[in-house]
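Chain IDs A, B, C and D follow the sequence of writing; residue 1 opens each chain.
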Amino acid sequence: MESDAQHKQSPYMLIWVVLFVLTMMEVFYAFLELPKVWLAAGLIIMAIWKALLVALYYMHLRFEPKRLWVLAASPLPLVAILLLVVLRENF
Amino acid sequence: MSTTEQGMVQKAEPGVHHDHHELPFIRQYIFSTDHKMIAKQFMFVSLFFLVVGGLLATLMRWQLGYPGQPMPGGGILPDAMMAPTPGGAVMLPEFYNSLVTMHGTIMIFFAIMPLLVGLFGNLLIPLQIGAEDMAFPRLNMASFWLAVPAGILMLASFGVEGGAAGAGWTSYAPLSASGEYTGVYLGQQLWLVSLTILGFSSLAGAVNYITTVVNMRAPGMTWFRIPLATWALFITAILVLLAIPILAGALIMLLFDQTIGTAFFLPEFDGEPLLWQHLFWFFGHPEVYILILPAMGIASEVIANRARKPIFGYHSMVLAIIAIAFLGWIVWGHHMFQSGMNPMLGTSFMISTMAIAVPSAIKTFNWLATLWKGDIHLDSPMLYALAFVSLFIIGGLSGIFMASTPVDVYIHDTYFIVAHIHYVLFGGSLFAIFAGITFWYPKMFGRLMNEPLNKVHFTLTFVLYNLVFWPMHNLGLQGMMRRIYDFTQYEYLQPLQPMNRFITTCVFLLVATQAVYAFNFFWSMFKGEKASANPWNSNGLEWTVPSPPPHGNFAETPVVHRGPYEYSSPESDTDFLPQTAPPRRQPDRPLEPTPTPEGA
Amino acid sequence: MTWSWILPESFSTFAGDVDAIYYVILWITGIVFVITEGLLIYFVLRYRHKEGRKATFHHGSTRMEVAWTLVPLMIVIWIGVASKGVWDRMKRDVPDNAMELIVTAQQFEWQVTYPGLDGVLGTEDDFTLLNQLHAPQDRPILVYLRATDVLHSFFLPEMRVKQDAVPGQEIRVWFEAVAPGDYTLGCAELCGTGHTTMNGTLTVHSQVDYDAWVASQAQQ
Amino acid sequence: MTTSAAAVDRAPMPGMKVYNLKLGLWVFLLSEVMFFTGLIGSYIILRFAHPEHFAEPGVVLNVPLTAFNTFVLICSSVTMVKAFAAIEQGDQRGLKRWLLATIALGTFFVGVQAFEYNVLASEGFVPVAEEYHAVGRHQPLDGPAIGGPLYGSTFYAMTGFHGTHVTIGVLCLWFVFWRARKGAYSAQSFGGVEIIGLYWHFVDLVWIILFTIVYLI
């Protein structure tokens, strides 16, 4: 496949360490005495960060043609729409 | 058509090789992986469900035309459905609710959707883009064989204790979430399981269609040379792909509420009934376009061909389809204006809903402009297609009334809505399906349908159809609410009795009329006039192969040189110019533009 | 048979605006309907196939595309804007000085709780009637809409009022009747086998009669 | 120009420069994204509507155990990419070894989840609304209930659906492993390994989100 070379350089173990550290940080951060908003924001940022690392390196998105990125990102606007409306909806 | 060596290995699929002549019967007709056979399988099954749905409608209409009066022959139905009285069997409200629910469910999920997506998706996509078959033929077969048990479960629910689901095809919680409100336990659960299985079937199909269109187009078939039917089916597949999982999740949560007693939609445990409506319509509105986009595509094909004229504004047609697909995701709230949703949201949903009317308008005007200065052949596919346009106009315009929130306050949940949805789904989708089946019948059975019979069927159906559904607007405006077992309970609705009786009469005739098409359909299969490869003098790739096309479709991979609607082109001596015809070399202008491998 | 596209007579303060918007839309869509269907029929007849006719080879015109994109867009957006005001008035801006009632929907009846003589809800002289909604004329009525079991829809056709009743929520609905009389109270959301029987009456009195009626009720 | 045009003309036209199976799986993953979006959206609606139904992190749910389990799943992703990298080099033994490791880790994850379910159920934390009586990890069993039925319902729905995905993934991995034993894959053809890998990483990715939303917020 086109990107054999990059795959060999793909820093699997480094990513693994980062993911491990981030998970630890999350658990630590979740129990800090902070306002709920801060906690939620921080945790979500870290979670998305981890998710991106997995997608980019383990799922090789980083080495795929651009249009596959577009494909992979295509449902995200819908996710945003649903969640936004859901949040505006105060029952 | 794969590009890499992995791809080549992956192509080791049955149905892609060309050694099919010695296929055993069961592999050829039952567990076939040939997209054309799967298309036919979908067609037969969903036409059967179309008949079932129609019969359910006649039962419903009897109760509305003759409320509480004994139904002739109703006695043959079990007492759980029809209460025996001295005068005869009278329909029970439980059964009426089941009829309302199952008519909607079967027509939408087991008739119209599989006809448009299952039949035309399978039949047209590979043929029109010049592929030998779908990308995943076995997945394709699985898609059909998942739909069958789903349909069986749905029908079986009529026979179970408590009867079939009776909470409407939208199954609003909590009515649907606990049997204690309706007395329907197993029926509702079967409904949920059946639709979940059907969801998997649709997903399998969608993955297949998208992959096929993206990756398996013949050389030269750039994005903007793809016929509009395939464009519509491609976008539809994307909608299915992204909308069905939302429904599946909601269905399973509702099933949990029903069976193991979770709290998602049950207010008694602080569950949220509106959550169901949000999830259902977040799926449900894209679903509406799943049900109309392929019909638009079919109509575009037929109209351009029978008017012998290039489709007016091909690019804007494609862009309109795409625009609908995007906007379709931000309008679902217009089903919930009166639901107790935040009125602020109501306003924003109204605006987005108004906006989505525009792409549909664009397509309509383009169809009209295609007819302008055409050479219109009024044979049956064209008649059905023109009926689609004229009735879709009505359905689209009546939608504007509901989009306006204050007006919707009054007409919401009335027969105005019933009229609207039937003008779009029956007048729109179903007439397009008639057009499509008639038009591509040669590619399925190698023969043409009987023209006079079709004209009879068209005339009767068109007239009766309008006699049935046009007055329903007026019923709604008089305030007659939908899904109502006996409207005469309301004093102010009693004057509507005559009109309801009139509609009922027309419905019986309308359903009876369909026998003409059914007869023609089967008769032509054996006795119809043999069809040449290209009976309609059409440009598409599917018309370059014999009728019906052999396994593997194309003897050699076709090369595409132009768009699909070059009718009456000066470049050609006849009034059509196939996509595969090599361009005439003219010294003044270079050969055709080079198709980039990426497509447009 | 009532083939009419006229709305039945309405008797609430905002109903006039609702009907007005309906008629505006009816006119617009009616005109578009006549034009489009007319063109369709005309083209089909005019350009019907004859020997030797060849269609013009014409791929479209951007100018017209833009035209019939923008014109409909402006029309529908205008309708939307026009609708917004009425919508807000109906669903959001509840007038103060409204008389308050509690309507509780349950399979298959409407329980209407009146404030009683003191005109205050939640006091011991409140009383509840089944399927009878009594209201004074020319006074905003604010209904606290509740449901105990499933979804129902509080439908007063002559008042142009419709609002789903959602269990677990209390939704505020208001209207102001402009003429005394007996009107329809119905359920517009499928709520089970008895859905069709879930109807009652809205009786609008003049303020005097209403007070008298409340007093008579308070006796029992 | 003409010749080059002709040349390009003959070429197939894959819109996505990846082979069918891989594209198909990516397309399938999109629908998976929407599926979990529906679940998470429901969770958000219910949680905002009824915060009192949900307990503070760590009170009812066992965060340390699940954090460890999360780590297990992340490790399984690493072994998965290792298997993929191995077959890219045509290293059959490596492929099989790393596949087995992935299977083991995946099974272990499901096992821990089952164990966790058992413990939680014994503490009255159940999906069934009527029987919900979660007392949390550090309170006596007859103590007051913490949170409400929505907590149990959403928790089991979200983690349960994910667990199902992991289980299916393990089964597919067994299938791939079985084919690998028969030498079905090589440095030239490793489609099967790649797509099961993509699916596996996606399931891992979903868990990263769910762990944060369900356990930590």
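The rule is simple: a residue touches a chain if its C-beta (ideal position, glycine included) is under 8 Å from a C-beta of that chain, and two chains touch if they have at least 3 such contacts.
From a predicted model like this one, the values you see are computed outputs, not experimental measurements.
A count of C-beta contacts for the chain pairs A-B and A-D puts A-D on top. With every chain reduced to the mean of its CA atoms, the largest distance from subunit B is reached by A. If you average the CA atoms of subunit C and of subunit D, the two centres end up 47 Å from each other. We define each chain's centre as the mean of its Cα atoms; on that basis subunit B and subunit D are separated by 34 Å. Averaged C-alpha coordinates put the centre of subunit A at 14 Å from the centre of subunit D.
Looking at subunit D, one finds that residues 15-18, 27, 30, 34, 37-38, 41, 45, 49 touch two or more other chains. Among the residues of subunit A, those touching two or more other chains are numbered 2, 67, 75, 78, 82, 86, 89-91.
In subunit B, the residues that touch at least two other chains are 4, 6, 242, 268, 270-272, 274, 278, 282, 598. Contacts between chains form some other arrangement here, matching none of path, ring, star or all-to-all. Under the contact rule defined at the top, the touching pairs of chains are A-B, A-D, B-C, B-D. Subunit B makes touch with subunit C in their complex at residues 92-94, 97, 100, 166-168, 172, 174-175, 181-183, 267-268, 270-274, 307-316, 338-340, 343, 346-347, 350-351, 354-355, 357-358, 361-362, 364-366, 368-369, 371-378, 386, 389-390, 393-394, 397-398, 400-401, 403-407, 409-410, 412-414, 471, 473-474, 477-479, 481, 483-487, 489-492, 495-496, 498-499, 502, 567-570, 575. Of all the residues in subunit D, the ones that touch subunit A in their complex are 15-18, 26-27, 29-30, 33-34, 37-38, 40-41, 44-45, 48-49, 57-58, 63-64, 67, 70-71, 74-75, 77-78, 80-82, 84-85, 88, 197-198, 201-202, 204-205, 208-209, 211-213, 215-217. Chain contact summary for the complex, subunit B toward subunit A: residues 4, 6, 242, 272, 274, 278, 282, 329-330, 333, 341-342, 344-345, 598. Those residues of subunit A that touch subunit D in the shared complex are 2, 4, 7-8, 10, 12-13, 16, 19-20, 23-24, 26-27, 30-31, 39-40, 43-44, 46-48, 50-51, 54-55, 58-59, 64-65, 67-68, 71-72, 74-76, 78-79, 82-83, 86-87, 89-91.
Within the complex formed with subunit B, the subunit A residues making contact are 1-2, 67, 75, 77-78, 81-82, 85-86, 88-91.
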